[in-house]
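Note that the chains take the letters A, B, C and D in the order they are written out, and that residue 1 is the start of every chain.
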């Protein structure tokens, strides 16, 4: 599959007001592939997802199946096939679980209208609890159940690429494991690529094909998930001690990243490297 | 002038000096009728300033300041008419009574915010004229209450005409009150108000006594609005319920937004907007339905200001001037 | 260069503020030329009415007055001088009325001013201090106290007088009937109640409602339950005809006496339709829309003037003819006045005897008196479904 | 006793109009978070529109739906042109915008249709129905049916149709709805259109009873505000129940509470607003969680 990637991000920048958060980020997601987007808190994972779903304005190029996404707004991107399970799950508290799900499948492309019922059945199988509580108002669900609902709702819109933002946030380990098990099965049965932003690196790497590590708004490491399997490699990628070997390095150094108080503790070597 | 840059703090606030000089010269320049109109402008501006304290600085909504203005007006006139008090005592009485009313109005604000508060204040504004009409024996009912001799009459030694003296009294009291409000919002009280405005939750966690603060700011705002009402009524020498309807409260709210809810100079623009615009419109739109056209134009101006100058006319003009100033310096140095 | 920059910007703001303030007062007149007297120029007559706002329906009196003054000017004015009629809007808000009156008295040098209804009561002290006569188009009883306010006159007869005549008629026509009054919570109702009771009519039920409450179902039920079978109705505007229709529909048929100013053809009788048949009122002025006056020469002149001077939309309104008649009375007084000063006008107004007026019913005329009014007699009328018919009053 | 029942019936008949307006207020508030002070004037405009169509010879049963559709279109246009620029600008600006539209529309109506009251021939004839002394005029019954049917249709639309689901989604969580491709702007305009429609029905139904004048809806709007608060600003069913309660409370209180009398009838709904906001801010049926700040 060396053809044009399904989702291509090249030289992406994003800012909130005067603070630039993403610097020259480049990555791509191929058809049916799951990419884990790793990085410490505040590295820019959520902003990157919001940039792809056009919630945040950006610079640089962003294409889906070759089509330029930057021309579209959030609604346009969603209709073009970008599914986004936001941080905090975006539950419609007042609507019932079934209504939440139905809202998702209403956003699906016309051609797939016919499969709506069977898809709903599949989501019920994937998350049986959603079937039991389908009459209940979604606001009454637990954190984990709302996460499953958010995932199911997004899938029912049959997106081309599904962005999932920190699903494990605030969940008990057992629920997180159950969730990641479901995530693993998505690619096959839902023919959608997944870009999974997650802090829990270990679980993500087990389900992902490739991994991209963000640090301070730039891509620190981009490689196959297996390469980061052992502990040392992972810690190095997070702390950026090993030289930055990614496409960004080839094109000269990124602008000096602003001191971002939220990042992992800096060692001297980092400061010297990042400023290059 | 909500947050003056350090540069202008050291240099004299030229605009305010110019304004004071101009305001003092006016009584010797213009006719009694114009002085009455300007007295109305200053007193309504003070009411708008009191609303700014509440909405702009403390983030509380009030669509009922017309009722507080009316309560102050009736108190002032009745203290002079029935109680035979001199005007300073009447003004003080109006201020104190409305402080109490404000504290009362503040109580629901402790439990309700935003829309709920808007509804309660709308209820107060709609009820005030009806209740005043009902207590006819005291308030003169629908006909209202008129004072025989104008209360703000000039004492002999001043050699001023009544209208001039009345104007100067209104100007002095309004000036002092607005200056007081302005400094209040600068000090520690202002900072805790800011905390209350941004998020009362955060304010509580930082030790800001929000309950007491909310009641205080409501009482203060209502007291000043009542003072403004008393000044207006004493200048006009009469009060009737029809002046303080719900429509008047909404007009005050509009004037506060037009002038800018955080701008003191904006309150003056708001006062002028309320007093002059309807009159200006109906004067040069003759014909039978001129009054209606005036109201359409009034609404249109209000909407335009809301769209193009959401932070108020004064800030909009000041930003324009700043850009003008900046461009000129850039040309010079380029 | 840097120092001037720091001072220059606030100066820029100061000049902007000064120019804005000067512009704002450009409409003002300078102090020394505000007192020009009323020399040989026009006779300035001021009028402040509700041309906008909730009670704009009453502002039509201004249109009628303007039409009459325009015709008088077309025919050479009064004693060779034109009348300049300054018509201002106060939206029935006394603070604007006060401002208008001060402008008329102090700046426009008005010889006399006209105003409408309740608010005019509270402006009397100011006008007395300026010695400017006022003709109020109002029937409230306080206006009859000319001794307290020598510069205020009222064009309408005293409502209490109307109440007395209506009360004595109802008492004699329907002896032993239970009477009720349904009115607004404004200054009219106390005068009406006083008048009715002074004629010996005991009011079993008096209900006051707020002006913009139009659905008066609950109040009508209350009257019906109290067994009221003679009702004095004065709720104004749309509510008047709505109440008549409602009573007819629910089969409640008390004898109804309408307040004279709210028995208008266009706003009460026509909208009420058949439900208005058999209602009474007391009248002193003609209603231009009443077919009875279709070929009355004075009413025809009125409608011609209204069309001529741009008020044709109000040509069939009672209040327009009323304002027209008030203007005629003012001109009549000015013509007979010894001189055109305030005192001259008032003296002439009080000494009018048997003067005709286009608004009055045929056999009535203007007669001055100690109560400052020109009309004191009402005629009870009954509506037969098409037009008012005069009843023989006791 | 009969008078007591009669007062309740009169209260219910009046309450239906307040319920209609309250529903319109609720729908707009849920969507744009704005207290639409101009809702009364919009309803008056619809009533005048229907009146003009009937005067022009159109039968009521053609003019009425036409007026409702026109009002819906007007509602959407008002949202798109007048409200969109100030959306999310905080309660003070939204209230000021509402006040401006109230004043502007009121004056425009007075300009176009003149200020003297007109009659709206009741399409339900002039008879009355009832038992013995207890009567309800045919307009009251007809109006009640019209408004209740409309509210039923709108409730069903919200509850059972896909569009209704989107409307409710946008009202509670617009950001999340955008991520699902729901055109939030269009839904807000639709919300205003529905409010315009139900306002039109309430206005046209009230016109035969109240008589057409620019001030027609000034009082009912205040009562509708009280009804929406009582019922719960975020619950459509609550607005209907709130309206009926306010109607009955108003007519009973002015009759039976000593000293209140007709002129202070307005005290009742506002006493209700005070009590509700202090005791249960989200109203009888609203949900506390979703009360918009």
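To be clear about the criterion, a residue touches a chain if its C-beta (ideal position, glycine included) is under 8 Å from a C-beta of that chain, and two chains touch if they have at least 3 such contacts.
Quick caveat, the model's predicted, so the values are computed rather than measured.
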{"item": "Of all other chains, the one whose Cα centre sits farthest from chain D", "value": "A"}
{"item": "Intercentroid distance (Cα basis), chain C paired with chain A, Å", "value": "75"}
{"item": "CA centroid of chain A to CA centroid of chain B, Å", "value": "53"}
{"item": "Distance between the centres, which are taken as Cα means, of chain D and chain C, whole angstrom", "value": "35"}
{"item": "Between chain D and chain B, distance of the C-alpha-averaged centres to the nearest whole Å", "value": "32"}
{"item": "Residue numbers of chain C (touch at least two other chains)", "value": "52, 56, 185, 210, 313"}
{"item": "Shared-contact residues (touching 2 or more other chains) in chain B", "value": "130, 133-134, 247, 289, 292, 294-295"}
{"item": "Inter-chain touch pairs (all)", "value": "A-D, B-C, B-D, C-D"}
{"item": "Chain D contact footprint on chain A (complex, rising order)", "value": "53, 55, 74-75, 78-79, 83-84, 86, 90-95, 99, 102-104, 106-107, 139, 153-154, 157"}
{"item": "Interface residues, chain B side, partner chain D - complex", "value": "55, 61, 63, 108, 111-116, 118-120, 122-124, 126-127, 130-131, 133-134, 246-247, 250-251, 253-254, 256-258, 261, 289, 292-296, 298-300, 302-303, 306-307, 310"}
{"item": "Residues of chain D that touch chain C when the two form their complex", "value": "2-3, 6-7, 10-11, 13-14, 107, 110, 114-119, 126-128, 130, 133, 135-140, 206, 209-213, 215-216, 218-219, 250-252, 254-255, 261-266"}
{"item": "Contact set on chain D toward chain A in their complex", "value": "162, 165-166, 168-169, 172-173, 175-184, 287, 289-290"}
{"item": "Chain C - residues contacting chain D, complex", "value": "52, 54, 56-57, 184-185, 207-210, 212-219, 221-222, 224-225, 237-239, 241-242, 245-246, 248-251, 266-267, 270-273, 313, 317"}
